[in-house]
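When the chains are written out, they are named A, B, C and D in that same order, and each has its own residue count from 1.
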Amino acid sequence: MTQKLSIGLIGAGRIGKVHAQSIANQVADAEIVRVADALPDAAAAIGRQYNIPFSDNYKDVLQDDGVKAILICSSTDTHAQMMIEAAAAGKHIFCEKPIDHDLSRIDAALSAVERAGVKLMVGFNRRFDLNFQKVKETISSGAIGEPHLLKITSRDPAPPPISYIKVSGGLFMDMTIHDFDMARFLFGEVEEVFATGGVLVDPAIGEAGDIDTAIITLKFANGAMGTIDNSRQAVYGYDQRVEAFGSEGMVDIKNNLPNTHAFYGADGVVSEKPLYFFLERYMDAYGREMAAFVDCVVHDKPSPVTGQDGRAPVVIAMAALKSLQENRPVKLIEIS
Amino acid sequence: MTQKLSIGLIGAGRIGKVHAQSIANQVADAEIVRVADALPDAAAAIGRQYNIPFSDNYKDVLQDDGVKAILICSSTDTHAQMMIEAAAAGKHIFCEKPIDHDLSRIDAALSAVERAGVKLMVGFNRRFDLNFQKVKETISSGAIGEPHLLKITSRDPAPPPISYIKVSGGLFMDMTIHDFDMARFLFGEVEEVFATGGVLVDPAIGEAGDIDTAIITLKFANGAMGTIDNSRQAVYGYDQRVEAFGSEGMVDIKNNLPNTHAFYGADGVVSEKPLYFFLERYMDAYGREMAAFVDCVVHDKPSPVTGQDGRAPVVIAMAALKSLQENRPVKLIEIS
Amino acid sequence: MTQKLSIGLIGAGRIGKVHAQSIANQVADAEIVRVADALPDAAAAIGRQYNIPFSDNYKDVLQDDGVKAILICSSTDTHAQMMIEAAAAGKHIFCEKPIDHDLSRIDAALSAVERAGVKLMVGFNRRFDLNFQKVKETISSGAIGEPHLLKITSRDPAPPPISYIKVSGGLFMDMTIHDFDMARFLFGEVEEVFATGGVLVDPAIGEAGDIDTAIITLKFANGAMGTIDNSRQAVYGYDQRVEAFGSEGMVDIKNNLPNTHAFYGADGVVSEKPLYFFLERYMDAYGREMAAFVDCVVHDKPSPVTGQDGRAPVVIAMAALKSLQENRPVKLIEIS
Amino acid sequence: MTQKLSIGLIGAGRIGKVHAQSIANQVADAEIVRVADALPDAAAAIGRQYNIPFSDNYKDVLQDDGVKAILICSSTDTHAQMMIEAAAAGKHIFCEKPIDHDLSRIDAALSAVERAGVKLMVGFNRRFDLNFQKVKETISSGAIGEPHLLKITSRDPAPPPISYIKVSGGLFMDMTIHDFDMARFLFGEVEEVFATGGVLVDPAIGEAGDIDTAIITLKFANGAMGTIDNSRQAVYGYDQRVEAFGSEGMVDIKNNLPNTHAFYGADGVVSEKPLYFFLERYMDAYGREMAAFVDCVVHDKPSPVTGQDGRAPVVIAMAALKSLQENRPVKLIEIS
């Protein structure tokens, strides 16, 4: 048997734990060998669970010669710097989305990665979900013909804490960025954005300078059009659907449900709400994502989600924000 | 334009009115020209609505030379005698199901029809429903391959009055007879029946000598098997489904709904119950049924539901009753 | 029995025939008593079918004292003038949508109606569809809480002839106008529109000066937002869906299907496409629409679709066209 | 942290591997510490994967003092003897279904377990599936009222090899036994069985003395009735559904699908077939099953699937076979 890929984990919060678990359970040819988190307790918890060294200093991970690849799961503002250092240390990199909120910092990080010749994969997990993959396959197979219309619905079950909202980069950068990535994944490059939004869920979100509800229109380079609708609060759960319409047909996906039951009673037919939480909804996708990262490193394959794939949705999010602020369509070319 | 087919209506109750309305609205080349009902008021109501002669004596309809075809919508115990007289009068006949509860009376009526050379069609309306027709087409096309298993679910929204139960001929003759017909329509001749049943809905039904819940197993001449489940009371409405399974696949149909809405709330997803009443569910089928009868008479086509199609389900119902009483499978050949 | 409402039909084309049939079959207290169409053969066909006087001059209908109400089913450019004349003649008016493509002509017609004190109902048939009505009821009941997001999908099975496109008033005035009406019906007044569109289905449509595919963003007076997507060609049939999302939940409707069957084979599960044609899809709604018109006239009730309901979607369509041409959001207040 | 439950695995075939994987990935407080399989290579494969001792002799597992509980995943004919020896050795026991094909051997094994006072759980995995559990919960909550009718559909995607058929104990003992267990799980004790069956899939199955298609009617002690339909080959995949109908409503479950997509094209709407294989379908249930076993041992809780739960479906299967052979309903009381 070939040696397992030794991975260092930076950031032992919610998503870091998810990736560690995926690797332990679903990725036979990799293992987490070291962990760091600025919060010593968080690092220790993971360290003890997997019986691996832990510290509160990410540089310990980068300086470990046994570490061949790293997972950057820390806060967004640390991503770019860590990428630069990891690249310098010759480590392959998996980085959570978004790379950064600032294009120049993103570009610096991508340059460092390119110079170092290490692998970089950005964590757009939905690309690895079986439903979205089926939509992608159906479009790629030509079954819908020429793409005409794309509809993405993306709604959270409940807003995050206001403290999080304040550092999130805003709805477009924090939440819609997944949808912007999905739009590119399915229909290709975006050229122009028109965004409208409002504070309909919680006034505190507005006081924090953000919106909680939005509709965004996209114009694609291939002439197709798209619409995304977002809400920070769908009381019936996590609502993640897509519909791709073209000259020869349409493909759509529905939400995943906790079970398939329906109750038929005198008052109507009652069935299950969608899975409530993104971790339930995408747990399997996270596993496939990690497997894809390990596969790309171990077998020297191209990254399935490149640095450019990480940068482009940030540009769209910036254009969307500008559109919202100026109430006009904004071309991506206007952004730097 | 060719002359319209002149039809006499015998029996101006619920089903008689349905057929009169279908002919007026959906069957361009026929018209009701005379009506009779033992209840003078019922006959008068229809007569005045369509501005046609009416009486309380069915012989008035049979003796009207202008009447070319009749609809027998009176009570079951009158069907056979009226068929014999109508045949003697040279009228084409549409007869509601069942023809009779007694085989010798059925046979006498069918002989009379045959001797007279008039058309006879028996009112198994579900054969004209678009859903059941699609199942039939799918099976006939060979899509499911060799038929293996047939599952028919047939449940009423609420039991009829006990007074009706007493004269109904029993669950099998009154309600399951539609399912026995459907089984033959879809999978061909039945050879053996095993029936089990009970009084689970209302003890008064048991006191009236009937059952209200049943499961019937069928063995078909072609080696396939079937199961029918019946209940006199499904609180969620009229439940009419079928599933046909074979070597190459399965075809099923679901219930028709009053609308396609779903409400997604914090407590689950709520959608509509099936249409509650058989008239709502099968109104369109009744129209197609009348059109088929008129077409067979006007264009001298074979009857789509023959006298034999009317007799056979009665035999199955009798076998089912015997099976229930003796708690053993009964071959149809045992029923003379 | 009270006397039936005597209705004159102006315009004996496709939609005129539909209304005549609805009245004959489904509206017991009204009857068509006279018909006119600029094409004598069209008028004659209806006239002979219902055995009523016919002519090629609509003034014959207006001058008939026996006519109490009229249906204006002629070409759009004739609507306003006929409304003015009908009002002057004291006839109640049902007018097909849109009233006109020109606001000043609409306003003149509405003024004439108001002065004459006759009833006016505009033919937005979808308001009478059981699915859309259920969405309306669900919203009105408060079940979805405060309205946040409205999504309307409206796609035709195939484009009309180019000759029709040229006189149609364009996609927004001809097709989206139904969706603009539905948006108002469900979420109330619209304040701002942003439209994007393209020629993706057939270049000949572009050569005729129109578009065939569009996404429109709406901002409502109540702060909610909406998105409409249109295509002139959905190869799978007539696609008419809506989804209304609010603080307490979501309600949606799906397409109506010709039957409920599904075939489960080795290659997947195949079920029916939506009903292909708007007449199949909305036949029942047309019947309810006529019944509602007759009810409002006979029982002196308020019109369920007023002149203002006819005017407002025209304003939205004009704003949408301006938005498309200028690639910017347009406030309705900009349209005088 | 408490010590993990040390489990010995006997039988390293397909199902043994599944349980080992479940324990490794999903059951934090247990671990496989030793494995045996009559096939040395099979034992070695698991042994090396988990870095644990392995041998070709199950007695090595039973004699290991460190082993506190065992999983019996070997062939059915070995179950009873191993249970007796394991009980004597004081090991808690998880045994795959069926315990045995012979009632006296089952009874001997159950007696040994009872005398030894060890835990016994029988592997009816479907009881741990989220769909079936929801049906159970719905019935237990009283939502369907009094149970009236139970419909279980259970069809395999393809028949096993004829060599397996010959030693399987027959369709009822091998395949329907799951459905008999499910019937008891949902509706309680069965009193009488009527079975009909045939060889419709593959004549070789008939030559091996078995049937491949069946319909079974059940009468429950509570007066309810049930029907089970089985096929060894559903070309569209593994078909596992249930429908429970009662005085106050119905609950059903559908199949699980690999994804939620649908493609809407000119030829219809195509969606996914059910998951093809039972391991895909029930992987999650197997994990929950192992967790339940470990929980019952570690926390000294009652077994969720007792020895009696293992015995009863065998009795029903024997009655079903007798019914098939004698073509008559058979009471369970006839089976000693």
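Points worth noting:
Assume a contact is a pair of C-beta atoms (placed from the backbone, for glycine too) under 8 Å apart; a residue touches a chain by one contact, two chains touch by 3 or more.
Here the structure is a predicted model, which means the values were calculated and not measured.
Two chain pairs, A-B and A-D, are compared here, and A-D has more C-beta pairs in contact (counted per touch definition above).
Distance from the centre of chain A peaks at B, each centre being the average of the chain's Cα atoms. Computed centre separation for the pair chain B/chain D is 43 angstrom, with centres defined by C-alpha atoms. Separating the centre of chain C from that of chain D, both taken as means of CA atoms, is a distance of 58 Å. Between the Cα centres of chain A and chain B there is a gap of 58 Å. Distance between chain A and chain D, defined via averaged C-alpha coordinates, is recorded as 39 Å. Shared contact sites, meaning residues of chain D that touch two or more other chains, fall at 234-236, 248-250, 264-266.
Within the complex, the chain B residues that touch chain A are 234-236, 264-273. The touching residues of chain C, when paired with chain B in their complex, are 24-25, 130-131, 133-135, 138, 143-144, 248-256, 258-266.
Residues of chain A touching chain C in their complex: 146, 148-149, 151, 153, 155, 194, 196-198, 200-201, 213-215, 217, 219, 223-227, 229, 231, 233-236, 239, 245, 247-250, 327-329.
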